[in-house]
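Once you scroll down, you'll see the structures, which are given as structure tokens.
Consider the two complexes below, in which subunit A is the common component and subunit B and subunit C are the respective partners.
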Partner chain A sequence: MRKSNLADFLVLVTIENKPFVSDPEGETILRDLVVKGGYSNIKSVRSTKNLKMIITAKSKSVAEESVRKMCKDLRIFNPVISNCTVKAMLGNANSTTK
Partner chain B sequence: MADLTKDESRYLAYKLNREPNKIEKEIVAAEWSEHCSYKSSKRFIKMLPSKGKHVIVGPGYDAAVLDVGDGYVITVHIQSHNHPSAVDPYGGAATGVGGVIRDIISTGTRPIALLDALRFAPLHEENNEDGSSTSEWLLRHVVRGIGDYGNCIGVPTVAGEIEFDPSFINYCLVDVASIGFGRRDSIVRNRANYDDLIILVGGPTGRDGIHGAAFASKTYLHHNRSAVQIPDPFLEKLLIEAITEAVEEGAIKALKDLGGGGLSCCLSEMSDSLGKGFDIELREVHVKEKGMSPLELMLSESQERMLIITDHLKIDNIRRIFDKYELKYVILGKIKDHHNLVIRCNEKIVANMPSTIVANAPLARRYSKRPAYLTTLRLDFTPPVTPSNLTGVLLSMLSNPTIASKDWIYRQYDHEVGLRTMLKPGEADASVLRLNNGKFISVKLDGNSKQCYIDPYHGTLGCLSEACRNVACTGAFPIGIIDHLQFGSPENPEVFWSFRKAVNAINNYCKFMKIPVVGGKVSFYNETSKGPIKPTPVIGAIGLIEEKRLITQSSLKDGNAIFIVGTTANEIGGSEYYEYVHHITGGNVAKVDMNIDRLNLRSILQLIDKNVVSCVHDCSKGGVAVAISEMAILGGVGFNVFIDKIPNSCSNIDSLLFSESHSRYVIGTKEPKTVEKILSGIEGLVFSRICDAYKEKVTFKMKSKILIDTDLPAITTNFKRLEQIMTR
Partner chain C sequence: MARIGIVVFPGSNCDRDVHYILNKVLKIPADFVWHTDSKLSAYDSVIIPGGFTYGDRLRAGVIAAHTPVAIELKKMAKGGRTILGICNGFQILVECGLLPGALVMNNSRSFVCRWTTIRVDNNKTPFTSLLKRNQTFKIPIAHGEGRYVADGRLLKSVLKNNQVVFRYFNDDPNGSVDHIAAVCNEEGNVMGIMPHPERAPVNRSFDEASMIFRCLSTYLQPK
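Let's look at the complex of A and B:
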């Protein structure tokens, strides 16, 4: 039986290279696809990796904290080169698709 | 920040006859760092023999050039990327591959193979507070970094070596070597004339990797440094193709890779070696981000960049080729008739120094003292009782990740792209590559930090002997040695003592064997929170095979008679048996008798030349028991060894089985009588027929008593241990 104060949260994890670290994938997309394709008003592309997770937790902050800890413990990102942002919202993966 | 010592600052001011400005000081600090200047090691490295009939260009350049006949050459270079790989294993290992590849391109040859020698802490070492294993994480990402980069640029990773030792805790050694191939007449001769153009080509310059060379020259303490570099293998691939094309059109007069120290080191070294002055305008540098200072532009270690010198006649060829590959290039400046390195930013001179001063750091005086640990090591040591279950010991030895199959690693590498690979990784003791003139080269890297720790001199001799044995096993005669000497801080007299012993060993071995040392690197300041790493010289041997029929692999065939060449002694210090099974560090390290080593190597090559052997395998880590098992696993057959027939001077059975005495080879043959006849004709050679290969049983018998009793499936399963660990 689940306690009533628990809820499902959708947690969005975004991993990207730190601003001073280069991003060959983003640079290539900008140079060879976007700009060559005629969208020269676009100035920068940075690639990121996104993970969507559903977690049962007491609150938004608890959900974010436990996902943040998991990413760190399991080395889902390398803190030396990447930033990892974690954002939780109520609901599940389906609720984000329109 | 990189710093000059007080003495160096004084010396610089004295040489310049004035005080340097801030930018000049920083440029010199980068170039005078240990990493770029070899200031501690130069006077010792210079003594190594570097001449030989195959050597066209020896040590001291971006890559060594060896003549392989018929107008063709191979080039070879080795370097490590230890510090960057320890903080970012994927990017660090990948950019290490990129760097060594550019050193090969710098000679005007095309890279045809990569080799890697890796060192980590044991995988089961639970070295994090949270229980996860750093060494597993490092291994996984280092392998992926090497594999991804090599695969993207279409250069096969053909051979390697790996060792696990607790001294690498929270650290790793990532050594990468590359082989290039080309025509002798198209080697870039590195020359320049007045008014020639200096061109920077490749990736944009950013703030990444600033002070990397200085970072590598300081004891490794801080994890969170910005000295990380991001690999872009597709850009490197364009560089390979564009430069190869420009070399073919004769459009390149001189060429150099931008590595540690960035533009500072590249410009000063090139200007000094050409004997020509450079006038550089930094405003021209294409940048990643705005507002970079002249100092940042000079020190940035952004990857995938090269410096080219061409003249006004060929500049249109350069433009056409680089435009075709969509490579960004800029004319940085011109060759002048003075001997200075003049750096301008928006026409204003920001640095102006004679290149010879910048490129030639004052040598550092380092003291050496025999390490105190060497005395205590021997005292603590008590020989263990021979285990009753020797079958269990053999199976455990085979599952030791240092010995076990490296299939999990090389499966992630494309080892066949380019269609030159004659023997796949794991099939033979060294990798064999086809050249265009009907000849073949054999290459292998070897190291042994456990033995080099207990006895730096004999440990290093052992690495040399093993590397030469490995190429000889494939049918090749060694024509060149490369070395990569990795130690802790040279300012520590005990570390420096070990370094000098290792150099002495290389000097003595190569002079005796008449094999030139064609290239090498020194990497100091490899320290962890627990102190200096164990001394780790990694030795690479390059062998030449004249004909295809000589290529020999190491898998045992059903019905083969098995011979051993060489004597087994009580030499078990630093062996995998002591360290892995008994956790003992100490004892007698295997010593190389160079006369015997040369005799045995020549005898093996003679047997291969007479076409009488089916397989040859070097007997090293894990001793004779492991060597025969490895051959059997590869060939899918069993064997029955009569232990008392193994020539030995051992006092107990475990040292006979697992001792790592050098100069030993295991041979499989279908013609035992002929082999016996040839070997008996060689004066002073010790050999013996010890068993036959048959069926699936694996036994070691002493007289009639069976000491080890197992079978092929059991040894094969245990040999797959590394894969089991990494995929669990």
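Let's look at the complex of A and C:
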């Protein structure tokens, strides 16, 4: 039997507000925890939303492309206010909670 | 007589307030329509009430915007019928793409539940036709993700097309750009409003908030 060339990839989806949308969560973390806690060398904190997905695909680029398309089609992120980055790595089901 | 449909999703929680004020107080006939019912098109107008549809998962309003009823709403909007989204209903209409911009977490990072004052910016819509331009009145607010945002280009077109219907007056409860509290589509038949007109008591001192429903009722009367 021919061996399948499909593999499981762990895909990280990061949704971040565009620069014109202020980020009160990140600002509060920076102002009230980081700076007050003495880490004054940290200049900026931006909160993001992360989704971890496991996808079976032929290659890393195919995995990224299909997740990217899905995020756009289903409005997993709101393109009016957010940017979305997609990064795949070879992974398995144990890499994240199923 | 024109009938209004009140769309109910899992997690809607202002549906009964809207039903009460329409039927019992203002005597405007309105029915609940469960979101899977396909009879929405039988109504002359639709109100999407506030609440936390689908637990605000992912983003407020986004899951509701992917239900079959959203397709129906888009058809009704295109056909010129009036749609009013209140609070979470506003968020749903934005996620459906029926209204411009987006609604994000309040600048304060806190849920805000109190009274505010709003000012009429556009009285040429079916929801504001009996109000005066620049008229101000008190109205309750209750939201966590009520900060209206739009980038420079979009905001310019919203302003140019007279799509800002209400602004917060001498108040900034959430950090909305330009103090925007309500916007409509270019045609004016779809409006989203963050404050809750259905929560204002209807008596002599507070009947301006309920005017939004009275305006709609007047608009729906056969000419």
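FYI, the second predicted complex is superposed on the first by the 89 of 98 C-alpha atoms of A that agree within 3 Å, B and C clash if a C-alpha of one lies under 4 Å from a C-alpha of the other, contacts with A are read in each partner's own complex, and residues count from 1 in each chain.
In the analysis below, a residue touches a chain if its C-beta (ideal position, glycine included) is under 8 Å from a C-beta of that chain, and two chains touch if they have at least 3 such contacts.
These numbers come from a predicted model, not from an experiment.
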Item to complete: Look at where subunit B and subunit C land on subunit A after superposing the complexes, then choose clash or fit.
Response: clash
Discussion item. Quick one: is A:L90 in contact with subunit B, with subunit C, with both, or with neither? Answer first, second, both or neither.
Written reply: neither
Practice prompt. Pick one for A:S22: touches subunit B only (first), subunit C only (second), both, or neither.
Written response: both
Worksheet item: First (subunit B), second (subunit C), both or neither: which does A:I81 touch?
Response: both
Practice prompt. Return first, second, both or neither, reflecting whether A:D73 touches subunit B, subunit C, both chains, or no partner chain.
Written response: first
Discussion item. Taking the stated contact definition, name every residue in subunit A that is touched by subunit B in one complex and by subunit C in the other, in rising order.
Written reply: 17, 20-22, 24, 28, 74-75, 78, 80-81
Worksheet item: In their complex, what parts of subunit B are in touch with subunit A?
Response: 87-88, 90-91, 130, 132, 137, 206-208, 223-226, 228, 230-232, 234-235, 288, 302
Discussion item. Could you list, by residue number, the parts of subunit A that touch subunit C in their complex?
Written reply: 17-18, 20-22, 24-25, 28, 74-76, 78, 80-81
Worksheet item: Considering the complex alone, what residue numbers of subunit C touch subunit A?
Response: 58-59, 62, 65-66, 95, 101-102, 104-109, 149-152, 154, 175
Worksheet item: Where on subunit A is subunit B touching in the complex?
Response: 17, 20-24, 28, 73-75, 78-81
